[in-house]
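Data block below; observations after.
Note that the chains are named A, B, C and D in the order they appear, and that numbering of residues resets to 1 at the start of each chain.
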Amino acid sequence: MRLRASTIKGKASTEFRRMLTEGPWPVVGMWGATAHHAQLTEATGFKYFGISGSHTASHLFGLPDAGFMTLPEIVENTRRICQAVSIPVIVDCDTGFGNAINVVRTVDEIIRAGAAGLFIEDQVAPKRCGFVKGKELISIEDAVSKYRAAVDTRDSLDPDVIIQARTDARGAVGGGMDEVLRRCEAYLKAGVDSIYVEALQSVEEIRTVREAFPDALFKATPYAIEPAITAEEISELRLCMTGPQIHKIGAVAMYDFLIDYAKGGEKVFSDWNAKTKSHPLGGFGMFDLTGFPAVQEMEQKYLSPEALERYENSLGVYDPRTGGSAFAPAKKTENSE
Amino acid sequence: MRLRASTIKGKASTEFRRMLTEGPWPVVGMWGATAHHAQLTEATGFKYFGISGSHTASHLFGLPDAGFMTLPEIVENTRRICQAVSIPVIVDCDTGFGNAINVVRTVDEIIRAGAAGLFIEDQVAPKRCGFVKGKELISIEDAVSKYRAAVDTRDSLDPDVIIQARTDARGAVGGGMDEVLRRCEAYLKAGVDSIYVEALQSVEEIRTVREAFPDALFKATPYAIEPAITAEEISELRLCMTGPQIHKIGAVAMYDFLIDYAKGGEKVFSDWNAKTKSHPLGGFGMFDLTGFPAVQEMEQKYLSPEALERYENSLGVYDPRTGGSAFAPAKKTENSE
Amino acid sequence: MRLRASTIKGKASTEFRRMLTEGPWPVVGMWGATAHHAQLTEATGFKYFGISGSHTASHLFGLPDAGFMTLPEIVENTRRICQAVSIPVIVDCDTGFGNAINVVRTVDEIIRAGAAGLFIEDQVAPKRCGFVKGKELISIEDAVSKYRAAVDTRDSLDPDVIIQARTDARGAVGGGMDEVLRRCEAYLKAGVDSIYVEALQSVEEIRTVREAFPDALFKATPYAIEPAITAEEISELRLCMTGPQIHKIGAVAMYDFLIDYAKGGEKVFSDWNAKTKSHPLGGFGMFDLTGFPAVQEMEQKYLSPEALERYENSLGVYDPRTGGSAFAPAKKTENSE
Amino acid sequence: MRLRASTIKGKASTEFRRMLTEGPWPVVGMWGATAHHAQLTEATGFKYFGISGSHTASHLFGLPDAGFMTLPEIVENTRRICQAVSIPVIVDCDTGFGNAINVVRTVDEIIRAGAAGLFIEDQVAPKRCGFVKGKELISIEDAVSKYRAAVDTRDSLDPDVIIQARTDARGAVGGGMDEVLRRCEAYLKAGVDSIYVEALQSVEEIRTVREAFPDALFKATPYAIEPAITAEEISELRLCMTGPQIHKIGAVAMYDFLIDYAKGGEKVFSDWNAKTKSHPLGGFGMFDLTGFPAVQEMEQKYLSPEALERYENSLGVYDPRTGGSAFAPAKKTENSE
C-alpha cells in the first residue's frame, strides 16, 4: 500500500525502458537499501531507485557484502520498496542465487515483486562487493546460460523489464580488460538489454568499453577511479545511468551525531532539533514523506463522524489534517497503480 | 550471525535489567529502525538500542505510524537487529497486536527474537504515534489484562526481560494528568517493571509523575516540551532512560544531499567522497562496521590455501585482510553468544 | 515460479468472476492450507482453491483458529499458493486485520499476492472459527465501512476480484436470523459481490436467506446442519459455491497410519509403499505433481550438453526425463501467466 | 507460542542427543513438512520430527526437490515447527546453502530457530532429491570444510545439537561404495556426530557401511532397496534412526478423496464426515490437536467475567471449554520452555 501520490504515469518498467532507450543519458537515480531511501529519492525528483545488495546486507542485516544475502530476503525488500514509491526500481540480484535454473526463479520473483529492472553478475557464489579483493568468475558459458534464462523469463512476464549483465571481470582472478570485452560481447549477444562493468580502473578503461560497444546501454561505477570522474566525462562516455549511494551519506551523518552526543549529551539533540525545526524532515516531517494525511482522508471516507471527533478531543504535535505541506500524499484510493 | 565483536558479557537481558535497576540513570541509548542503526549505536559506545515502531514503519515500509505494522514484521526486524549487535535491544510493540491473549503470542515471539525489553501501549488499535492527534485509549481493565499476560509470559521465558507499560493517556481522548496517574498505578500494580508516559507537556508534568511514583523505573519522551528538557532536568527527575532517534539525523542529511546533488550533479558526490575519505564510515568503512574481516578469518580457517590465493590475484579498493581498523570484528567463531 | 502446466486461460480473477456470475452453481472447489493442497485440487479438476484461515493456522503454525494469524502470514501463504496453481484462489481474510483503514492494506496485499477472491467477516478481533462458541460481532456500521473500503481498494487494483462479506451473526452473541438478514442487506448495499452466511443451523435457515436475496451470490457452510445437506438441496437453494476441507481428509489418514505404525512398525510402511506403488502419488509421484520434468526441460534449454551427461552417469529411482506420466508439467517457459 | 502440553522434559537438543547416544536404536520418528505433521507425530508418541527438504518444497511451495529452497524459507518453517511441538526436530539443510562460510550462517540460523539436529549433504548446488538421477558431488575437501564449519558453529551455540553429514556418493556421478566409505571416514574425522548415507541399493550395502564404522551413529534411507528392508534388519544393522514420510500418506488419501468426490459429489464428503465423527481428528478434532482449550484457560485468567459470558450467549458446534478430550493442551502459561 502506498499513501504517497504517484510521480509517474503508467507502468514503472515501461517508463524505465523508455528513459533508458530514449535518454537523455545518464538517467540519474539513487542507490540505497530501504523504502525510506526510495521515498527520499522520489520526493527530491530523481528518476529511479536502485536497491544495492551491499547496502541491503549492511543496513537490514548488519552483514558485509560477501554472499550472505538470499533470494527471499532480497525479494521481500524489493516488494516493500516497490510498494513505497512509484518511480522505477532496479534490483541488484548478486549472482542470481544459483545456476541458470535458479535464475528462472530469481527473475520470476523479482519481477513479480514489482522491479522495473535487475542485474545479475558473473561472480562465483558466494560473491563479494565488486570493489573488494578476492573476486572470482564463473565461466563465460555458465554466465551466458544465466542471462539467457533471465531474458526468457522476463519475456514471459513483462518484456519492458530491463535485464542488465554485470561483469566483475576487470578485478577478478583471471580477469582484465580483454576478458571484460569478451564477456560484454557474449552477454549482449545472449540478449541482455544492458551491460554493467564493475570496477573499471580509469576513465580510459571506460572509454575502451564504450568504443567497443558504441550503442550499448552501458553502466560503469567509478569508485576505483582517481581523480573522480566528472559529469562531463560521464556525459561524453554516454554512460546510461548514474547514482550515488545515499545510505553512506546517512551513515556518516549519524556517526558524527553519535560521537557528538556521546560527548555533549542531550543538548546536542535539542540543538539539532531546534536547528532542523523547519526542515522538511525535521520534527515529524517524516510523516509527511510517508503520506500520513492520506490516512485521515481515508478515515473521512470510511469512518463515522463520531470516530473523527477524536481529532478535536486529543492533543498532538502533529495533526494529519494539516500535515502534508512538504510532500504530496496520495488522493484517496490512488494508493495503487 | 554476527561478525562484530561483542561489547557486553553475558545475556543482554540480564545486562539490561542490571543497568536499569542499578543505574546510574538515565541509561543512554539510541532509537532507530534497522540493524545498521543498531551497529552504529553499539560502535559508538551507547548502552542499548531501541527499535522504534514509528521509524520501522517509515524506514522499512514507507508507511506512517498509524497502526499498519503487524507482529511478524516487527519480530523479523527484531531478530535481525538482535543478531547484529550484542547490546540490549528494547522493542516498541505498539498495542501488543490484539487483546491479552494476542499479547501472549507477541511477548513470546519478541523474547524469542532476542529482545532484552519491550513496551506495550494502552491505545486502541489501530494506534498512532504518541505525538499525533487522534489517539484513543482502551479501558484500564483491558490494559491491565494485557500487562498481566505480558508479565506472565515473560516470567516463563526469561525473567530478566524488561516489560514496560506505555500510557498515551496524557494526550488521548478522555485523558489528562489524573488519568495518567491512575493508569501508572494500575500498571505498576499489574507487575510491569517500568512505566513510560508518552507526550507529557511540560517538565512540571514529568515531575508530577515522578513524585507520585518516586521509585519507579520511569521513562518519558520530551518531544512536546518547549523549551527542550535539559540533561540536568532529566537527571534530577531520575528518568531511567533517554535516547534520541538517529533515523531522523540520517534523513535530514540525506535529504540535504539529494537537494544539493539535484542542483550540482556528480561533483557534489565526488566532493563528499573526497571530504569523507578518512572518515570511519567513508569509502568502504561500512564493511568494517559489519565485521567484514571476520569473513576472511573464517575463510582462512575453513577454506584451502588455494582458495585464498584469490586475494593475491584480484584487484580491490577494499581488502578484508587489512580492513577493520575502525571497528573490531568478531574473533573467529565468536559470532554467537 | 510454477512448473506445472496451466489449466485455465486468462486471468484467474476474470475466470473466477465469470464462473460465479455465469454459473452453473455451485462452483465446486476445495479448501485447505498449502500449495500442495492447491496442486492436488487443480490436478483433479476442481474449479477453485480456497485458503482456509482455520487450516492455515493449524497446518502451518499448529495454532487454533482463534485470531492468532496476522496479515503478512496470510499474504505470504497466498503468494506461494497463487504461484503454485493456475486456478482461481479465494482467501479467508478473517476480520480484515483491523478497522476499515487496515482493510485497505489487507485487500491491497491479498490482491497483489494473486488472489481471485477474498472474504472478510464481521466478528470482533480476535476472531474465532465460525463453528466455535464465543463469537462476538462488530457493529453493522463498522462492518459496512470495512466492506466499502474493501470494494474501493479492489476497484483500484483489479475489478474482477470477488469481495465476499461473511457474517457470523447466526451464532454470535446478540445474533440470530433477523440479524443475519439485516446484515446481508447492508453488506450487499455496500457493494460486496457475494454474501457468505456462517453456521446456519438448518436447510430451512438457508432457504430463508435465499428467499430474502433471490439473486445474490450466496455461500453457506453446512457443518452445523444435521442430517447433512444434500447435493440436491444445494442445487435447489442455488448456493454459489461449495468445497470440502481436504486438509481434514489428510489428517485422519495420517493419524490412522501413525497409530498403525506405532503398533506394527516398519512393515506397516513397506506394506503401504507396496500397495501404493502404482498410485499417482505413490513412490515419487509427488515430483510429477510439482512438475519436476519441467526442470529437466529447462536444463536442456540452458545448460551445456556436458552438464546433462550426469543423467546417464548417476543412479536414481526417479528420472525427471521420464517422469510426468501422471500430471502435466509446464512447457519450457510457460511457468508464468 | 505453543498451546499443547510438552511431552518431554528439558531441552529438546539434550534429549535428542541422549536418545541417539544411549539408544535403543533405531530412534523412531516421522518426516514431513509442516507444524501439523509435527503435532500429529508428537500426539501419537513418536520420538522426533524430521523436516524433509523435499516435502517442504512440495508442500509449501509446490516445487520439486531440485535446489529451489533457500535458507530463510527453511529457517522460518523450522521456527514454526519447533514452536508447535516439544519433541526434538531435525532439519534437512540441503547443501548448507553455499560454501563453508555460508554454512556458518546456516547452522547459526537453524539452531536459533530451535532445531535439535540438522544434516548437510555433499551434493553440488542446485541439489536434487537423493533418489533422483542427475546428482553430482562437491570435492571431499570442500565437504569437509563445510562440516568443520558446522561443528564449530554448533559448539559455540549449543553443543547438544546433532550435526549429521549426508553423503549422496552412492548414486551421484563418479560415486560408488568406495567413495561412500572414503567420505564417511573423512566426515566423521571432521567431527560430525552422525553419518547419513543416501540411496544405498541393498541391505548388503548398508551392512558394508555398518561394518566399516561399527560404532557410528549411522542413518540410511532404504527407498531404493527391494524387497523392503525389515524391522529386524534395521535392528541388526543398528541404524540409529528411522522414520516414514507422513506427508505421502496424506497425499494419497487426499487424492483418492478428490477423485471420489469429483464423481460422487457432496454425498462423498457427508459420508466421510459421518464415518469419522468420533475419530480424534474428525469434526473439529483438529482444534484439540492444536490445544484450543488453552485459549479458553488463558481467557479465564486474563479477561473479565463479562467477556467470558459470550460462551453462554453464542452458538457453536465446538466448545473450547469442553474440547480437549483427545489431546492434552498446555496448562496455562506452560506454552514455553
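The definition used in the following text is that contacts are C-beta pairs under 8 Å (C-beta built on N, C-alpha and C of every residue); 3 or more make two chains touch, one makes a residue touch a chain.
Note that the structure is a prediction, hence the values are computed from the model and not measured.
Q: Farthest from chain B in C-alpha centre terms, which chain would that be?
A: In terms of C-alpha centroids, the chain at the greatest distance from chain B is C.
Q: What is the distance in Å between the mean C-alpha positions of chain A and chain D?
A: Here the centre of chain D sits 39 Å away from the centre of chain A.
Q: Could you please state the distance in Å, as a whole number, between where the Cα atoms of chain A are centred and where those of chain B are centred?
A: 25
Q: List the centre-to-centre spacing of chain A and chain C in whole Å, with centres computed as mean CA coordinates.
A: 36
Q: When you check chain C against every other chain, which residues touch at least two of them?
A: Answer for chain C, listing residues that touch two or more other chains: 1, 66, 68, 99, 101, 105, 295.
Q: Indicate which of the five shapes (line, ring, star, complete, other) describes how the chains touch one another.
A: Contact pattern: complete, every chain touching every other.
Q: Which positions of chain C touch chain B when the two form their complex?
A: Listed in rising order, the residues are 66-68, 70-73, 97-99, 101-102, 105, 125-126.
Q: What does chain A use to touch chain B in their complex?
A: 1-4, 30, 33-41, 43-46, 54-55, 57-66, 68, 80-81, 83-85, 129, 131-136, 170-175, 199, 201, 223-224, 228-231, 234, 242, 244, 246-255, 257-259, 261-262, 265-267, 269-270, 272-274, 276, 279-282, 284, 286-287, 289-292, 295-296, 309-311, 313-321
Q: In their shared complex, at which residues does chain C touch chain A?
A: My answer: residues 1, 99-101, 104-105, 108-109, 141, 145-146, 148-149, 152-153, 155-157, 295, 298-299, 301-304, 333-336.
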